[in-house]
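The structure under discussion appears below in the form of structure tokens.
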Amino acid sequence: MTSLLKVDNITKRFGGLTAVDKFFLEINDDEIIGLIGPNGAGKTTVYNMITGIYTPTENKVYFKGEDITGLKPDKIAKKGIARTFQNIRLLENLTVLDNVMIGTHLRIKSGLFSAILRLPGYKLEEKQLHEKSIALLERVELLEFANEQAGSLPYGKQRKLEIARALATDPDLLLLDEPAAGMNPQESHELVEFIRQIKEEFGVTIFLIEHDMKVVMDICERILVLDYGKTIAEGSPAEIKNNPEVIKAYLGVDLANA
Amino acid sequence: MSKTKKQLLTTGALILLGICILWAQSNFNNYTLRILNLSAIYAILGVSLNLIFGFTGQFSLGHAGFMAIGAYTTSLLIIPKYYKEMTFLIEPLIWPFSVLQLPFIVALLLGGLFAAIFAIIIGLPVLRLRGDYLGIATLGFAEIIRVIANNIPQITNGALGLKGIPAYTNLWWTLGFTVFTIFVIKRLIASSYGRALMAIRENEIAAEAIGVSLTYHKVMSFTVSAFFAGIGGGLLASLLTTIDPRAFMFVMTFNILIVVVIGGLGSITGTVIAAFLFNFMLEYLRPIEQGFDLGFISFPEIPGLRMVTFSLALLVVIIYNQNGLMGKLEFTWQGLFDFIDRIKNPKNSDEKGVS
Amino acid sequence: MDIFLQNLANGLSLGSLYALIAIGYTMVYGILRLINFAHGEIFMLGAYFLYYGVLIFNLPWWLSFIVAVILTAIAGMLTERFAYRPLRKAPRISILISAIGVSFFLQNAGIVVFSGVPKSFHRPAIFDHMFIFGNIRISSITFASIVISLIFLMGLLFIVYRTKTGLAMRAISTDIETARLMAVNVDQTISITFAIGSALAAVGGILWALKYPQIFPLMGMIPGLKAFIAAVLGGIGNIFGAMIGGFILGMAEILLVGFMPQLSGYRDAFAFLILIIILLFKPDGLMGKNVQEKV
């Protein structure tokens, strides 16, 4: 069986600087995998290479056995990889509902003329997209804000909306970039539950970047540790906790108690 | 308010507009009709520019170029054959334009189509640019189109331009196309494709990450916009009956840009209002520079004074309405009734506001 | 070879004028992110001020020149004060519309005050002198425009890189809010920037009028647009870029006309063609910073 995502020793250099060095990762269906590492370790660069924002300087990324290296982000989203951003990127002046509905646009089958002429096929599709978006909003408990501007939501709800929007694209693989950033322990705890639930309900595989050790240790089955662009450790949460290399990289962070 | 009721109201309004046009065509003098026609053409041009700039967020300054393509195509397809032979003295007009003569509507649509095809050719490479760089590159293409028009006398009659374009343009055509343009662009914006355009305006990176193809949607918006700019150019040519390349300098694009921004970037209603305001103001300021006689003292004609006053008015309007007259608001029947309601029962709505 | 050198001299001369005007665009863009479409009209004012100084007030040429440059600088500051400053917190496009409004205003005020009829610009005999090197003939105005432009460009670089005001300008162009927090007098610095840009445009306008001895209220449109292209070509916001862009553009235009005279009708489109080609390969101009949004 081919793995869902295979990142085959990719390297990214900016000028003389090697941001990510020979990063290797295989993710199978239904896993939750975490990527941790100090600031500037190259975590988001890995994301950007998987989602097509950057093209790796060397080697390739395979999704469902297919080479997706160098494809544009929208093509990769259509193949089934969705993501959120570390610094939330909502369509701030549009409504909460529109944000999710735009997430469904990539699956639209009706053409432009059909949409302008409001042909029956388009009308039906629009209705389905609308219902799907409403259901998603209801699921993430944002339905009551459907007609509000996305930018006016409180921070935690914005994060949830971004996840809902990513789910609207019908992904097989969901990349979450620091979903717990800026949350208090109570909120992070709820987030862990939330991620577990959506994984079950939507049947997505999850690959997340996180700073909050507790969140990562709680939720991930397997963890990779990145430092200065190099993978310094990989294993189960327990293995990672006791890995001397990791402890060195995170000097001062008490992993054992996380 | 129910959907059927809104549709009924819209139909009623269109019939009313038809009656007004019928009345205006036979009762207004040529001068007033000309201003109304010009305003309606500006509305078409403004609404189409608003699609690419206001709704898609792509700073395009190429409108004059697309207008030129539409204007020349339409004109060459409707000028009678004998008139073409008279006009093209330096170099004869090339085939097939030399023999073709088509109905106005077909000529207009072909003008729009040609402009749209050019938009695809230009848009594919250039829409990768961002912000002001995109603006100057599209402006450049428009200027290149104009300079080419100046240099291909076998098609455009060069700097001498085209004369004797049949004056088909009337309020039926101009207002009819205004309604058509608004209809198409409003429906486009309110569709899934339109939401994708607005997503690009809001945040390109996010839009792309959720599967919105930037190239497809930007080029699509640019092309639709150019199509209507081409039609606007064709209508303008038949209104003026003579055109030459100087009519399509970048100042033309600036005029349309002013209409869009003064109306409110991203508001179709605002664009239409501003289009009429712009042209009526320009015309009603005309007496200022014509000189007048008060009996005891007479003022000479002062060329330029009209535009001086106009530009000062423009500055005042933009400084005091920094987001345009309408901001991003649109006219809706619901809004109209709410407004009437508020005027009728000011107290009532106040209480609603508080509760 | 002779023809080439001849064209080289003409290209340098035209390029130096473009560079002088382009500086004003690029400096204003650098600090306000505004395409100052009224800059071409400022250029026109410079030429008219000199014309009236010499003709009506009978001032000597050198004094007229100084007065014209100062008056133009003041005019530039006034446009900023009344048309741009009130819009500092407005959407950027509104300021652009304001700039277009100022451009219309100055063009038509020019028609009202100076009349729309072109005036011939009598240049002093000293500028009619021809230097002859072998087969190459260089008029003294060609020579003078290069020398005078270079002197002013040097002066500009000195101000921007060696004075406190220049430091303030660079600070504002990097980050206007932080500059304000660091107690940089933002309004004053912006005024000075407009003054400097306008003064250079005035020099450009005067040299232009000496070279093509005719002035009219719309004379700023095409040179203004070309200089703006030069600024974008070099990477707008970058002073060196504007200079280099100006020289490239002047050179390219002269070479086109010189070597392919049958294409000279396309001269005005040529500048844009070069610009578009360069932008397609370097989307931020030749020396522009490649500002990629961090994801």
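Order as written gives the chain letters A, B and C; numbering starts at 1 within each chain.
Note that a residue touches a chain if its C-beta (ideal position, glycine included) is under 8 Å from a C-beta of that chain, and two chains touch if they have at least 3 such contacts.
Because the structure is a prediction, the values reported are computed rather than measured.
Q: Treating touching as the only link between chains, describe the layout with one word: line, ring, star, complete or other.
A: Contact pattern: complete, every chain touching every other.
Q: Just by CA atoms, which chain is the most central one?
A: Checking distances from each chain centre to the full centroid gives B.
Q: Farthest chain from subunit C, comparing Cα centres?
A: The chain lying farthest from subunit C is A.
Q: Would you mind pulling out the distance in Å between where the CA atoms of subunit A average out and where those of subunit B do?
A: Whole-Å distance between the two chain centres: 43.
Q: Taking the mean of the C-alpha atoms as each chain's centre, how many Å separate subunit B from subunit C?
A: Between these chains, centre-to-centre, one finds 32 Å.
Q: For subunit A versus subunit C, what separation do you get between their C-alpha means, in angstrom?
A: Roughly 49 Å, centre to centre.
Q: Would you pick out the residues of subunit A that each touch at least 2 other chains?
A: 53, 85
Q: So which stretches of subunit B touch two or more other chains?
A: Each of 205 in subunit B touches at least two other chains.
Q: Considering subunit C alone, which of its residues make contact with at least two other chains?
A: 295
Q: Residue numbers of subunit A touching subunit C in their complex, please.
A: Residue list for subunit A touching subunit C: 44, 48, 53, 85.
Q: Inside the complex, what are the residues of subunit B that reach subunit A?
A: 184, 187-188, 191-193, 195-196, 198-199, 202-203, 205-214, 220
Q: Contact residues on subunit C for subunit A in the complex?
A: Subunit C residues touching subunit A: 295.
Q: In the complex of these two chains, what residues of subunit A are touching subunit B?
A: 51, 53, 72-75, 77-78, 82-83, 85, 89-94, 98, 101-106, 108, 110, 112, 115-118, 122, 125-126, 129, 165-166, 168-169
Q: Sort out for me which residues of subunit C touch subunit B in the complex.
A: 29, 33, 35, 37, 83, 86-87, 89-91, 93-94, 96-98, 100-102, 104-105, 107-112, 116, 217, 225, 228-229, 232, 236, 265-266, 268-269, 272-273, 275-276, 279-280, 283-285, 293, 295
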